[in-house]
Amino acid sequence: MHSFRNDYMEGAHPYVLDALVSTNAEQHPGYTEDALCDKARAAIRQAIEKSDVRESLHDAGIDAAALQVEFVAGGTMANLVSIAACLQAHECVIAAPDGHINVHETGAIEACGHKVLVTSDSDGLLSVEGIDAVMKFHEYGSNFHMVKPRLLYVSLATETGLVLTAGELRDLRAYADTHDLLVFIDGARLACGLASNRCDATLADVCAAADIFTIGGTKNGALFGEAIVIRNADIQRDFRFVMKQKGAVMAKGRLLGAQFDALFSTTGAQADVPEAVGDEPLYLSLGRHAVALAMKLRETLKNRGFDAFTSDSSTNQQFILLENTTAQSFVHAFDADVIAHPDDAHTVVRMTCSWATTEDDIAAVDVELSHIG
Amino acid sequence: MHSFRNDYMEGAHPYVLDALVSTNAEQHPGYTEDALCDKARAAIRQAIEKSDVRESLHDAGIDAAALQVEFVAGGTMANLVSIAACLQAHECVIAAPDGHINVHETGAIEACGHKVLVTSDSDGLLSVEGIDAVMKFHEYGSNFHMVKPRLLYVSLATETGLVLTAGELRDLRAYADTHDLLVFIDGARLACGLASNRCDATLADVCAAADIFTIGGTKNGALFGEAIVIRNADIQRDFRFVMKQKGAVMAKGRLLGAQFDALFSTTGAQADVPEAVGDEPLYLSLGRHAVALAMKLRETLKNRGFDAFTSDSSTNQQFILLENTTAQSFVHAFDADVIAHPDDAHTVVRMTCSWATTEDDIAAVDVELSHIG
Amino acid sequence: MHSFRNDYMEGAHPYVLDALVSTNAEQHPGYTEDALCDKARAAIRQAIEKSDVRESLHDAGIDAAALQVEFVAGGTMANLVSIAACLQAHECVIAAPDGHINVHETGAIEACGHKVLVTSDSDGLLSVEGIDAVMKFHEYGSNFHMVKPRLLYVSLATETGLVLTAGELRDLRAYADTHDLLVFIDGARLACGLASNRCDATLADVCAAADIFTIGGTKNGALFGEAIVIRNADIQRDFRFVMKQKGAVMAKGRLLGAQFDALFSTTGAQADVPEAVGDEPLYLSLGRHAVALAMKLRETLKNRGFDAFTSDSSTNQQFILLENTTAQSFVHAFDADVIAHPDDAHTVVRMTCSWATTEDDIAAVDVELSHIG
Amino acid sequence: MHSFRNDYMEGAHPYVLDALVSTNAEQHPGYTEDALCDKARAAIRQAIEKSDVRESLHDAGIDAAALQVEFVAGGTMANLVSIAACLQAHECVIAAPDGHINVHETGAIEACGHKVLVTSDSDGLLSVEGIDAVMKFHEYGSNFHMVKPRLLYVSLATETGLVLTAGELRDLRAYADTHDLLVFIDGARLACGLASNRCDATLADVCAAADIFTIGGTKNGALFGEAIVIRNADIQRDFRFVMKQKGAVMAKGRLLGAQFDALFSTTGAQADVPEAVGDEPLYLSLGRHAVALAMKLRETLKNRGFDAFTSDSSTNQQFILLENTTAQSFVHAFDADVIAHPDDAHTVVRMTCSWATTEDDIAAVDVELSHIG
């Protein structure tokens, strides 16, 4: 039976793997200073530009050609390098309490010397109100007895499947602009966030809202790797120094170039992703696929009576409250991930779809649920 | 023409690439907690144990089964995680002045809070005499006005191609044991060091000399990745916390497992590496190949009159002093790497062989040299 | 009119100042390696030992002679040095949300690389229940994706005037012992905490509960300076390295020695502190004085109808909820410190007594209140 | 017998002590936000301005009124706060090999995350040539594989008593300006440096050469404390955040204000310092006194045949090479500080004069030498 534990159980999408295999014998210079990386950079810039249906780039005065694109191996690394590059030693980052950097990265940001200040946003989505309360308490960064807020940590899609809209992104940006704050958007699951039917934002909207943001490959078709897009020139300047210092510069950067080139130079239609829209990049189509399958999974669960979803998730992760014994069946049958034990009798499990999940996998879940139910 | 710029210009050895391709569709749990990683760990432990011709493990009371083996994506990361795991905040690491961590890692160790104390060893090889002078100056770590030395940073093969012998490793270990020091051996080019005809040490000797050491894959047949072998139980305990905090835990750890499994479960003979000895792992054979080709390159250069080697290198990197115009020809013809300009008229270039360099590549160099000369 | 803004508005108690003046011309070696410091150390050890009415030291197997006593210039420094000395890079400290280190030290602990994990204790007092919830969420420090808890940050007296009892200290210690945690007690206002009529703990109880704790001089009779008492041998070992590295070793350590000697070798009775009990050190008597005056201030406020205390404070700080205009009068008349604006119409002010506050100062408040009221 | 071990054996100059005593009962707000500090700030700014015989301030476009002046408790703290405030995480500081921050501060700068890059200046004085070699090796901060130099650490007077001239300061500044470097001048012994007959620089010259510099009080008349003068607006902006984060903000900042006010508002003539010149501040006169006495000590030593000075020191520290037994006599008689053992038979000792050393002390040395000799 297919495992639904998380969205990094498989290797790479065949097109991505082919890109690595077909370039394997080539010789390329190191440290992402090669032609494959440059091709990937150009493809990413073009994808951002083409997605600008709302003229967000234009309104923000962003020239796509001036975007710096870097590549690193993993998500925690992408987060810590990006945040470290934004902050002076005495500055800190504001996040929602369940932000990935606050809970699941073993104090990686603090190890770089920076406090993670949390808002009281209860639903995981960073809100302007939540940020403003923190800013007021810190007297807008002027009281030197308290840490100085300087950066917002934003996830387009939260750990529980909620998403920000284009309007909410714009509001965050506007607040940041008027309060001398920078904005970092963690795009570990960017493609699934963009694919949510609740999210009307595009790549361009994300870019316009952020000083720096990441495009996660690891969980969306790549073997591994995250792209980091930097539009703020101050952050661009010495970014590669920060990368190298943190161990984030890959000797064979070409591996990241080849993968992101495959994800952004290929279209989803070429790769026969059924959910592909127009000539969008494979990267975006794979996110659509994962979310579409997750919606089918949700429907399947609901139809079989497992409808106690603990989160109104519109992305690729679904959270279900179950009695303990049923939860054990889910773990056994679907490799579901145990998330929490809200009380002695119940368990919350997570089931995750990815670019690699198939319609057959969902159909098999349905069959299995008929046994469990 | 083949590029001799460095030893990470190519992708992976075909056996390694095949391992990734053949396991691509499999689902595996994350964070190196999968079966491929465990298989690779077992193969590495076995290779260490089998290489113990000198009973170094036995003499040091090392049980190979108790060695902890971890995997990270790159060399700077391997160094900084290993060193950070060894040191308290106020402790520091002793290195030769041209140690990689002191010069070419953008202050990565200092960014973790630790000073790199340098000896006055002029040839790049850390010596007991050099260490002892530093230790005496620091009053053996008892003068709290000076930083406290706690760790030795050792390269089996230096940046200029010199190597340590089994006896020298033993001497470093003995000094460390009597001075409350730990030993970290940077194995970015471990296979080439072991393959040098000047180096009589084996994997087991390295293991016996070190509290923790790395086995570099990136420069020796892998797409990317370094194994870290930890034998000191105090360092083992929380090592994965340190890895995660530094962004070094790969979500798809299986990629590292598959590669190191291919490098250590396959023999060089199976992969038809002509330099393979006995049933040694492919990893060791690839190092032999790179060094053998480098020795042929050296001979070829010498025969053509380019014999001003600036280092008596017995590993895969060769350093040649040339007049500036000749150096330009080397850069143009062989993609040789410019290392230094000792005076206005001369240039030192580096030419590097790897597991992927062929006899034909060397023959082509000879032809080209006949034009340059 | 006397300022009630805080407890560090004055210089030093006359006995402390005299100690500095009378030793000024003497020559002493630096770095707290002088006779004055050693005398102060002995006096502090003796005070701890003599306060052991409950046999806490005996039960904990503590030999007062083995306590290490260090001196630093200020409170934030005392906290950061103590905490840094307790933690490995990947470990963190647990605190109540309004703990001083979490709010008012500009991220000093994070700048040392360590996360401050907060409990959900709503009243500022760290509770076993609060700690246990954090520990369970972090799976008792075994889940390497989350930061590893290792240290409890405890204030005997909180920022809002609440105190721990001897029994609560014992419970915290017991929890720490069974969960591999260390305990640091921040004694910035130790004397006032011990003097509270709600607190039955003594210096010895604090010492028995802590691996390391501070004795604040700055806010209790000294010109400046905090003593740090370390009973855990692992923390003792390299403590002075950590101090020096953080800039905490005073060249003229004798200044700290002379002051703490005056505070602990003199008795409160000798210095005519009316609240002195038995032959207790001046340090403890000064705390009693500050608290006694604060209780009189509270009574005076209550009698004049200002009885909306926002905290049931039994220490030297009193918090009063006032209408905004009245609050302005308090600021004007008493230099009261504005703490919060709970709503548009109200202000919380703080009035603080110190060792230097007199009965006349309280009488003058009463007169002034008659005008304000 | 007077101890010549170092220049922080005594308490404070009587005028400084009086300033503390006479203000002791006053109430002042905390954190150097009091009237005493502001008075000291004004006096320091005025002293800088008045010393501008060479129009250095004018030429550099410096408005003394715009200088920010802060106060911290000690020298290591002053250095680490100043340097941390100048650098981004990936930047580093260049120093001479025997610079105080490189050798005697227990890795304090590295603990802030920054590498200390050393030149090969053999005499301890940072030279433009030494800096330039480092800059060229690091490819002027553009090679991201190597740490990025950003700051020069300069001592006006070195650990061995050598001094920079006004011209050399100007050259360092010019180099810094053309190479995007900042300049920090460590003034732990600033007064003695300025008093040297080899040094033609004034306070104004130091200020014009530096982006930030310190004025050491601990070793020149204060009980404790260092002033930090910041002229670079970028460093000024958040400097107090950095101070607080590092534990460098004193609760009773008034103590530092009172002392520096006494040192800079009083003239040396008023305090009857015989070496006082014109109406210069007491601070400068005390430096002149220490150096004048050290020159007499040097003459006395020479006259008695102890003329193997290991350094051509023109400041308050003198270094003498002695046979071991004679060295022991010096230690016994003068509390001389043992500095080094250049060979088995010889010892280098240091004898230091301070503001508190008297003519009688030197005369007593002469008598004692007649016995030793």
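When the chains are written out, they are named A, B, C and D in that same order, and each has its own residue count from 1.
Here is the rule we use: a contact is a pair of C-beta atoms (placed from the backbone, for glycine too) under 8 Å apart; a residue touches a chain by one contact, two chains touch by 3 or more.
This one's a predicted model, so the numbers in the text were calculated from it and none came from an experiment.
The chains that touch subunit A as well as subunit D are B, C.
Chain centres computed from CA atoms place B at the largest separation from subunit C.
Mean C-alpha position of subunit B lies 44 Å from that of subunit D. Subunit C and subunit D, compared by their mean Cα positions, are separated by 34 Å. If you average the CA atoms of subunit B and of subunit C, the two centres end up 51 Å from each other.
Annotation for subunit B: residues touching 2 or more other chains are 89-90, 105-107, 111, 113, 144-145, 147-148, 241, 244-245, 249. Only residues 89-90, 92, 103-107, 110-111, 113-116, 144-148 of subunit D touch subunit B when the two sit together in their complex. Those residues of subunit D that touch subunit C in the complex are listed here as 2-3, 5-6, 8-12, 17, 20-21, 23-30, 73-77, 79-81, 105-108, 111, 218-219, 223-224, 241, 244-252, 254-255, 356. Within the complex, the subunit C residues that touch subunit B are 31, 84, 88-91, 112-113, 144-145, 147-148, 238, 240-245, 249.
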